[in-house]
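Two complexes, one shared chain (chain A), two partners (chain B, chain C).
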Partner chain A sequence: MIMKIIFRISILTFIIAAFFTSIALAQQPVPTPSDDQVNHIAHQLYCPVCANTPLDVCPTDACRQWRDLIRQQLAQGWTEQQIKQYFVQQYGARVLAEPPETGINWLIYILPPAIILAGAFILFRALRMWTKPVSASTASGSNEDALKDEYVARLEEELKNRK
Partner chain B sequence: MIESTTSTPRRGVPLWVQIIVWVSLLGLLVIVAVELDRSQQGQVGPGAKISNFSMPLFSGYDWNGQSQIQLSDFRGKVVMVNFWASWCKPCEQEAGNLEQAWQFYKDDGRVVFIGADYVDTEPEARAYLAKFGITFANGPDLGTRVSQLFRIKGVPETYFIDQQGVLQYAQIGPFSSVDEIKSIINPLLK
Partner chain C sequence: MIADFGYGVIVIAFVVALYSVGAAIYGERTKSANWVESARRAMLLLWPLISLSAASLIYLLITNHFEVSFVYEVTSREMPTYLKITAWWGGQAGSLVFWSWLMAAFASLVTLRKWDRDREFLPWVIVVTSITTAFFLGLVVFYQNPFAFYWSGANGNLIADALGNPITSMFAPIAGASIYFPSDGNGLNPLLRHPGMIIHPPMLYLGFVSFVIPFAFAIAALITGRTDDRWIRITRRWTLFAWLFLSCGLVLGSRWAYDVLGWGGFWGWDPVEIAALMPWLTGTAFLHSVMIQEKRGMLKQWNMLLIILTYSLVIFGTFLTRTGVLSSVHAFAQSAIGPVFFVFIGITFVGSVALLIYRWPDLRGETEMKSMLSREALFLLNNLLFISVLVVCFWGVVFPIISQLFTGQTVTVGPPFYQTAVAPLFAALMLLMGVAPLSAWGLKEMKRMDLEEWAVLEGANIAVTILLSLTWKVLLEQLGNWTLVVIFLAMIHVSILMLYFFKHLVWKPTIGAAAITGLIYAFYTQSVLALFGFFLIALVLLVTIQEFWRATRARSKATQENFALAFWNLFGRDRRRYGGYMIHISMMLMAIGILGINLFQVQTQGTVPLNNSLSLSGYTVKYDSVAQFSGPNGQQVTRAVVSVYQGNNYLGDLYPRIDYYPSQEQNMTIPGERSTLKDDLYIILVDWQPASTNGATFKIFVNPLVNWLWIGAILFLFGIIIAAWPDRDAERVPERARRVHRTENKQTSAAD
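Let's look at the complex of A and B:
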């Protein structure tokens, strides 16, 4: 009987302890995001008002405000994607270090590999064309040598006959 | 013998490849030209018809209870659009003048003041508005859509649109006095 009561009390204590622990964990504030976490996202964004300056290294007051905003959003549990989306909505797609793969932006992703491929193709063809004339000239060179040898041989023959 | 080796038929680049390459190059040049032309265009000048645009407003800075405005809502009125930002020091010089001018015209009903907050953060923008006691309609220029329409080069810049939606005056830089603002608006009201 006593064992039963002890068992029930211990179960009850465990449930109460688990309940309050979960509340305490739930109420724990999100730790303040570090500079590295902020800069990781800021590096993927550009200052909307400065020329070609990533947000993580931009020294202006405006950029400091934006980095603070990123810190606040991270503290509120926003994801990297949500923060970037917010910046695009507020300041336009030009703030993104990597332009979104839409519309004319596709050219940025398609053109460089296409140009490299075309260059490789042209180089391949050019190399092939350069090698052909060389073999042809080698062939003609050997023909010339052969003709020359023939000529020398005839010359020597005639000189021999004259003697 | 030699002739026979050099007269080997040469296979050139196929015609369709040449066409694709040249058309691509031409297209690229057109895109570059258009973008260069756009980037070298200055601000919208007087006489230009301003296209309709919409803009959300900060709560507490709405227009007659509207949290979203459109330029077309103000046809028949003189509209002043002021681009500013909380990080902009020259904007602070004119903030008080703009509010004084608004206090002068607001009961007239023929003039509308709109503040467009250019690439800013809302808490700082609100602090700025509170600091200078600004009461006229103000909102964020989301995605820089409105500033792109006016092709602004910086802040502050202020544009005055007449009753027919035609731009009459563009102020680049801050106003130095209330009288300067009045001297632009008054002739438009006649």
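Let's look at the complex of A and C:
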């Protein structure tokens, strides 16, 4: 019996609390979100059904409804993060412009810089290898030869220009 | 009847292509000139054959033979004749025929022109081009037949598979079936009816196909063991033409996207766009590094690898856009041609690389690199950067497929990923473009730098970097994240080093560029990223202009020509160099546009009643009226009239419109554009309500500086034409090559 009363009271308290909270929430003025506010978020999301189309420019009716949904959510005071979260939960990670940084998706961020750095390293090593023989045989003669060669080349070039 | 003829001819062409491959290989192996000649003639027969088949297809397209499924899919009665003809490459099956037709044409040109001169290469060139042609013809014959019919059963209904898709085939799928004649076609996708889209695919394909020719010669060189730079000299012009067409294709595609897709930009990092960009990247790297091989006999192995990559990426690009693999892995699995493409790319790539490895020792460089900062090293750095952009693009395109395969999760790799990754790489390329043209002269000064000088320089530079990093708050705010801040500081560091190395040559341009950047800071923008970008652009422009000026002055002095004439003749003297410099200038103009739209684009959207207005960055757009009428191609046009003001100045009217194509149930948004050198005003009609006070919804973009992109593109065209213009003495052999050849001859005679 007592349990029942306690249960009823708690439900009542909950309803009253909910009522006042909703009044408090309703009193906070949330202006109608502008198209720009909606597009700002829609631009960061991708159409869940068409291939590679950002939500803000997608012309289909479905996307129009999704944009309206964002507007409603904004009107209800949702944050940008919450809205994005909602879309990810509903339609999966494909609605995000970039894969979330979890699991196998790390590969997309790590592999290109790794390959590029490896490439740079290989290039550096190759250059070292190629240039070494010249400096190893640093007989001053070869250096002079190189200079002379260059000098002759330039001289020839200039002579050619004079023709 | 005509369709049967067209298909029959394609089948014959396929067989002939295979025959020419077989005959050429057999002829080469048995040293039988007759067999090789037979292969050549078979190859020459391909183009007329495919032309016949294509003519049949065009005939079917313009005479409304909708019983042919391809004709049904891409044309309809209301389409004008020129559109029906261009619908040839508007659909998958037709575009494969188009591909093979171009391939056959180019291969014929090669074998017709210089048959006697290049006799040792040409049999293998025939093998490679004919294999490629045969592959595309095979796709047409077995998987994507543009001549296939619709069929109806005994009851007169269209025969369809379990999913309701109509079955198409050349021959009756069941006994008693007869050809089904739809009364009208589906019509070409309205998005593809734009002039830009009519020219864009042929340009792209021309670019794709012309890259096969240098590849074919490279393979021929590998097989025959003639691994000097002869193959490069023969195909130099082909490579430039390929590059020209591919570049034109990319620019036209961008312009089309800007004018037709109505999202305010021209490049959305869509996989289809990237598919065309990837061969361009390796092609550009190749164009640069072959110069080193021609001049100094180095990088032979690397050039081979680059052209092999380019060929694979050309086929991969066609594969990406033609198989539906991009939309989902399932589409790929269902698509009949997907796996075939995959296997072909795999076999040709592995085969070519195996050949390259086999010849690896023969391809050693003839000379050594002089210094870590020599011209050759800088060209290699240029190659590394292009390949890095390629890695980012390739991985970005392929990753969603891999993710779906391994985790079942579909992900999108969109613009933020590419922009973050590619922007620093392009900045580095710009820096190189600024200093590399001077490196030939800069070399000597650098050699003299001793350890102490290095230490002082590097110490000062580190101090500058530390000072700069004190502004980390501003940097972090503007760049968004720490990685970019670090990359940015590193870029500044490297830039200072590079400028120091070449200080005696670039001090004037550097001061000039700094002054211009100062002006931009005072009057245009305070964004750190933009200022850095503008500095690099100004640097490259000034360095290149200085090069032109110096050479013109020298020539004018030496020849007593007046300045203008000397400038003109400069191009005649070394077309490749000065054409190349012009391309560098054009690239910088394009970079202004790219920087402008990426960093300064602003937009707003709003619904306004009639006679009310929206404002954005100084512009006021007033909604005057809206009208609906029928367009010339059966579309329903809704056109708004808006007047544009800047302050109180009336600038003119713009007409954003929505075209609705009832047969495809598709909308097309055509923006109203007002272009100036300063910015583009770009207005889209998003929505409108008839006879209501709600009025219409407009989306307005202001795209600063974007016009420079198109101006740069036109200059770019001139640059390539200058670089590719035939020399009077076209077969002129560079001194180095002559020297090598002489020694070779000597050796031969000694051996004899």
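Rule of thumb we're sticking to: the second predicted complex is superposed on the first by the 104 of 163 C-alpha atoms of A that agree within 3 Å, B and C clash if a C-alpha of one lies under 4 Å from a C-alpha of the other, contacts with A are read in each partner's own complex, and residues count from 1 in each chain.
By our rule, a residue touches a chain if its C-beta (ideal position, glycine included) is under 8 Å from a C-beta of that chain, and two chains touch if they have at least 3 such contacts.
Since the model is a prediction, treat every value here as computed from it, not as a measurement.
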Chain B versus chain C as contact partner of A:Leu107, first or second or both or neither:
both
Looking at chain A, does chain B or chain C touch a larger number of its residues?
C
Partner chain(s) touched by A:Gly119 [first = chain B, second = chain C, both, neither]:
second
Tell me the contact category for A:Val57 with respect to chain B and chain C: first, second, both or neither.
second
Does chain B (first) or chain C (second) touch A:Asp35, or do both, or does neither?
second
First, second, both or neither for A:Val49, with chain B first and chain C second
first
Touch test for A:Gly92: chain B only (first), chain C only (second), both, or neither?
both
Could you look at A:Leu69 and tell me whether it touches chain B, chain C, both or neither (first, second, both, neither)?
first
Shared contact residues on chain A, chain B side and chain C side combined as an intersection?
92, 94, 104, 107, 111, 133
Hey, which residues of chain A end up touching chain C in the complex?
34-36, 39, 46, 51-52, 54, 57, 59, 92-100, 103-105, 107-108, 111-112, 115-116, 119-120, 123, 126-128, 130-131, 133-134, 146-147, 150, 158, 161-162
What part of chain A is in contact with chain B in the complex they form?
48-49, 60-62, 65-66, 68-69, 88-92, 94, 104, 107, 111, 114, 118, 125, 129, 132-133, 136, 139-140, 143
Provide the residue numbers of chain C that touch chain A in the complex, in ascending order.
261-264, 268, 270-271, 326-327, 365, 368-372, 377, 380-381, 384, 387-388, 391-392, 395-396, 399, 402-403, 406-407, 409-417, 421, 444, 554-555, 558-559, 603-607, 667, 669, 697, 699
In the complex formed with chain A, which residues of chain B make contact?
1-2, 5-6, 8, 10, 13, 21, 24, 28, 31, 85-87, 118-121, 124, 140, 142-145, 148
